[in-house]
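By written order: A, B and C. Residues from 1 in each chain.
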Amino acid sequence: MTAPNHRWRQFKDLLMRVVTFACAILVVAPLILIFYHIVKQGFSSLNFAFFTQLPKPLGEKGGGMANAIVGTFVLLAEAAVVGVPVGVLGGVFLSEYGSSKLNWWVRFAADVLNGVPSITWGVVVYGLMVVPMHGASALAGGVVLGLMMIPLVMRTTEEVLQLVPGGYREAALALGIAKWKTIVQIVIRTALKGIVTGVLLALARVAGETAPLLFTTGNLGWAHKLTEPIAAIPLQIYVYAISPYDDWHRQAWAGAFILLLLVLAINVGVRFFTRDRFQSKT
Amino acid sequence: MALAVFVLVALIGYELARGSQPALHKFGWHFLFSSDWDPGSDNYGALPFIFGTLVSSLIALVIAVPISVATAVYLTELAPLWVRQPLIMFIELLAAIPSVILGFWGLFVMVPWLHDHLFPGLRSMLGFLPLFRGPDYGPCMLAAGIILAIMIVPIITSVSREILRSVPGLQREAAYALGATRWEVTRIAVLSYAKKGIFGAVILGLGRALGETMAVTMVIGNSPQFVASLFQPGSTLASWIANQFTEAIGDLFYSSLFELGLVLLGVTVLVNIFAQLLLKTFAGPSVKPQH
Amino acid sequence: MPETATSPLNVPPESKAPGAPALAVRNLSVFFGKNVAVKKVSLDIAARAVTAIIGPSGCGKSTFLRAINRMHELNPEARMEGEIKLFGDDIYSRNVEPVVVRRRVGMVFQKSNPFPTMSIVDNVTVGLRLNGVGNRKVLAERTEQSLRMAALWDEVKDRLHAPAISLSGGQQQRLCIARALAVEPEVLLMDEPASALDPLATSKIEDLIVHLKKEYTIVIVTHNMQQAARASDFTAFFYLGELVEYGPTTKIFTSPSQKRTEDYVTGRFG
């Protein structure tokens, strides 16, 4: 009843399962390790001062990252102001208006933009804003993150709008409701959760961006105006990490812990929040 | 608003080209083939960084491609159902980790471990190759390649997974009905069907690796040289810009860094276009998963 | 629960065609999660004959067919009870792998599904190669033999290495039949093999089925009444997962004993 090579085939089947499983473990291992080290080192380096104090000058113990924590949130707010309207409206256009040919090119350009290295964005905004404004500023930092968000938000918005059943649109249009009203009141409202999800994920993504901030934000104390330089957690981590001082390294661990927490919290939260969308039939 | 993407594309290209003008004028094509980087004599060339970018990305691909494709296969074809969802979530989280955190972890945890454990082993096993010879001081080309591999694995895995999922169930059934084992079904019906799409996923990963900045900057050692051994420190286009920009003095220096940015942009955009074309022609207009 | 092969009530003695039955199905039930797709079906399927399974959509006929080569197990929710014996071997016995069952019981699907990356000849030989047949001469012989049996040889003999997807829809389906035949299965299952084809291609497939029964046991699911009447020797009528009536095709179509069968074959519902 069995072919001569039956056992060999069964063995190969098992072997490939084991090999691919091992690869899956290998993929997950860095995540676990990074998590383990950052939590262990970061948590022990955290203290109250980290959240409330400014960095101390070299040689002095203690200090914190209060400025960078606030800075990151300021930058994210600016980025949202720049990136969300353009991104969401662009996504609406892609999904609801436009010719298929034009949209193909828009999508294509957005996907290519998503692949533009983050350092390149930094260089561009340096030339565009930092040089004319004679110095790094919170504004430039926010703009660069906002620009990076545009293609991300555009694509996710389009995607969730596409999930809204066409029947809803037709039903509303058949009632004699104007197209733009249909889109705002029916389509966007139905997809709102998904759009918010997309925006949050894009924010989580740019929250950790460092390269574009290197030349755009400066990295100093408190910013009182948007035209002044501002600090950000990821940048602070980088500066501290490549310094030779143990005390700064500790600060970097703590900063990495907070940043990781922030980014993963958004990611996990969003997934939990929209579970049904992600539970796909595999 | 959607047209903003075209404006952005144009803006990036224009701004980089404008910033590069002095260097373009001074060095012309020679910039691409010169290996000098000497602020003293104001002579700049991109070759060592192009080289470093290619080498580190190549290492990353060599490590990441088999692992990613195997994981994607495991996830769509072989894994028990209850394993899939958690594993997918882990991979998505890995993709979400900021590059600076990976680099930081790489610098303080991975590089010392490599230095103490992996590199001595490699040296004794593969030392007959020049690639694995010579002393290592920690940060180096190989470390950069490994960290890049960690970073592109989630992308290649999840895009490949979408590709594999888009293979029609009928293809699998045809193979099952012939009495194929699960692996044979994967091989004859799934992988051969998805080849082109998976290639697209790999190219997409390559595009990401070429432009990755922070993590690489932190573990590559930042030395403007051609490496003969993977244990030597090197530089990539992106890491060199990140490393030198704040220290740049003089217009030509700046301009040369802009031109490095322009080269990087050109390479990554070309690679990304190639990847998008592969992916788009593979499965019609889009390869998004069917929710 | 070893049950003797003596006919349960719903297996008419006429179905005990020449020789032992190819398939003896006893009390077969198939569940998907909480839903029952096939309920306590028992029947014998005659060797070297064509048995048609008819019934309205959703009646469990495809599930029944897939249970015969354990294809339903691809659905992780699926579960079965009962027994199927293939020439006396229990195909659900613990030490029998589905892989082995599927090699002995070939299948042709509703939509033709040749492997698009392979050539015509590779499609035909893939099953053999999986089973470790590497001898080129054997492979070439079997290719010609299978393609001839599938009535495709004359159309493709000059371009065996062309991609399989260069064939027309009807040719692709015959290629799939050739692919299934190449491993010399004992039973060939066909799940509405002509439903996606035009009338000309359909009649070719039907001729082929009649021709193939000289050597093979064929079970065909169809919702095309004429097709069942033209091509089959025995017909089983399924309704809501149950076997309503089973017997020689002429009897089912001319003097069915059940009212529901009559209503269905005369087109009053379904």
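The criterion applied here is as follows: contacts are C-beta pairs under 8 Å (C-beta built on N, C-alpha and C of every residue); 3 or more make two chains touch, one makes a residue touch a chain.
Everything numeric in this text was worked out from a predicted model, so none of it was measured.
J.: What graph shape do the protein chains here make by touch: line, ring, star, complete or other?
T.: complete
J.: Taking contacts as defined above, which has more of them, A-C or A-B?
T.: Looking at A-C and A-B side by side, A-B shows more C-beta contacts.
J.: How many Å are there between the centre of subunit B and the centre of subunit C, using C-alpha atoms for each centre?
T.: A distance of 50 Å separates the two centres.
J.: Quick one: subunit A and subunit C, Cα centre-to-centre, how many Å?
T.: 53
J.: Using CA atom averages as chain centres, what separation in Å is found between subunit A and subunit B?
T.: 18
J.: Among all residues of subunit A, which ones touch two or more of the remaining chains?
T.: Only 9-10 qualify.
J.: Do you know which subunit B residues sit against two or more other chains?
T.: 81, 181, 184
J.: Among the residues of subunit C, which are close enough to touch at least two other chains?
T.: Those would be 99-100, 103-104, 130-131.
J.: What does subunit B use to touch subunit A in their complex?
T.: Residue list for subunit B touching subunit A: 1-6, 8-9, 11-12, 15-16, 18-19, 66-68, 70-71, 73-76, 78-79, 81, 84-85, 87, 89-94, 96-105, 107-109, 150, 153-154, 157, 165, 181-184, 186, 204, 207-208, 210-214, 218, 238, 241-242, 245-246, 257-258, 261, 264-265, 268-269, 271-273, 275-276, 280, 285, 288-291.
J.: Could you pull out which subunit C residues touch subunit A in their complex?
T.: 89, 96-97, 99-100, 103-104, 130-132
J.: Which part of subunit A faces subunit C closely enough to touch in the complex?
T.: Those in contact with subunit C are residues 1-6, 8-10.
J.: Can you name the residues of subunit A that touch subunit B in the complex?
T.: 9-10, 12-13, 16-17, 19-21, 23-24, 26-28, 30-31, 33-34, 37-38, 85-86, 89-94, 98, 103-106, 108-113, 115-121, 123-124, 126-128, 147, 150-151, 154, 159, 163, 204-205, 207-211, 214-215, 234-235, 237-238, 241-242, 249, 252, 256, 259-260, 263-264, 267-268, 271, 277-280, 282
J.: Could you pull out which subunit C residues touch subunit B in their complex?
T.: Within the complex, subunit C touches subunit B at residues 69, 71, 74, 76, 99-104, 106-107, 109, 111, 113-118, 126-127, 130-131, 176, 179-180, 183.
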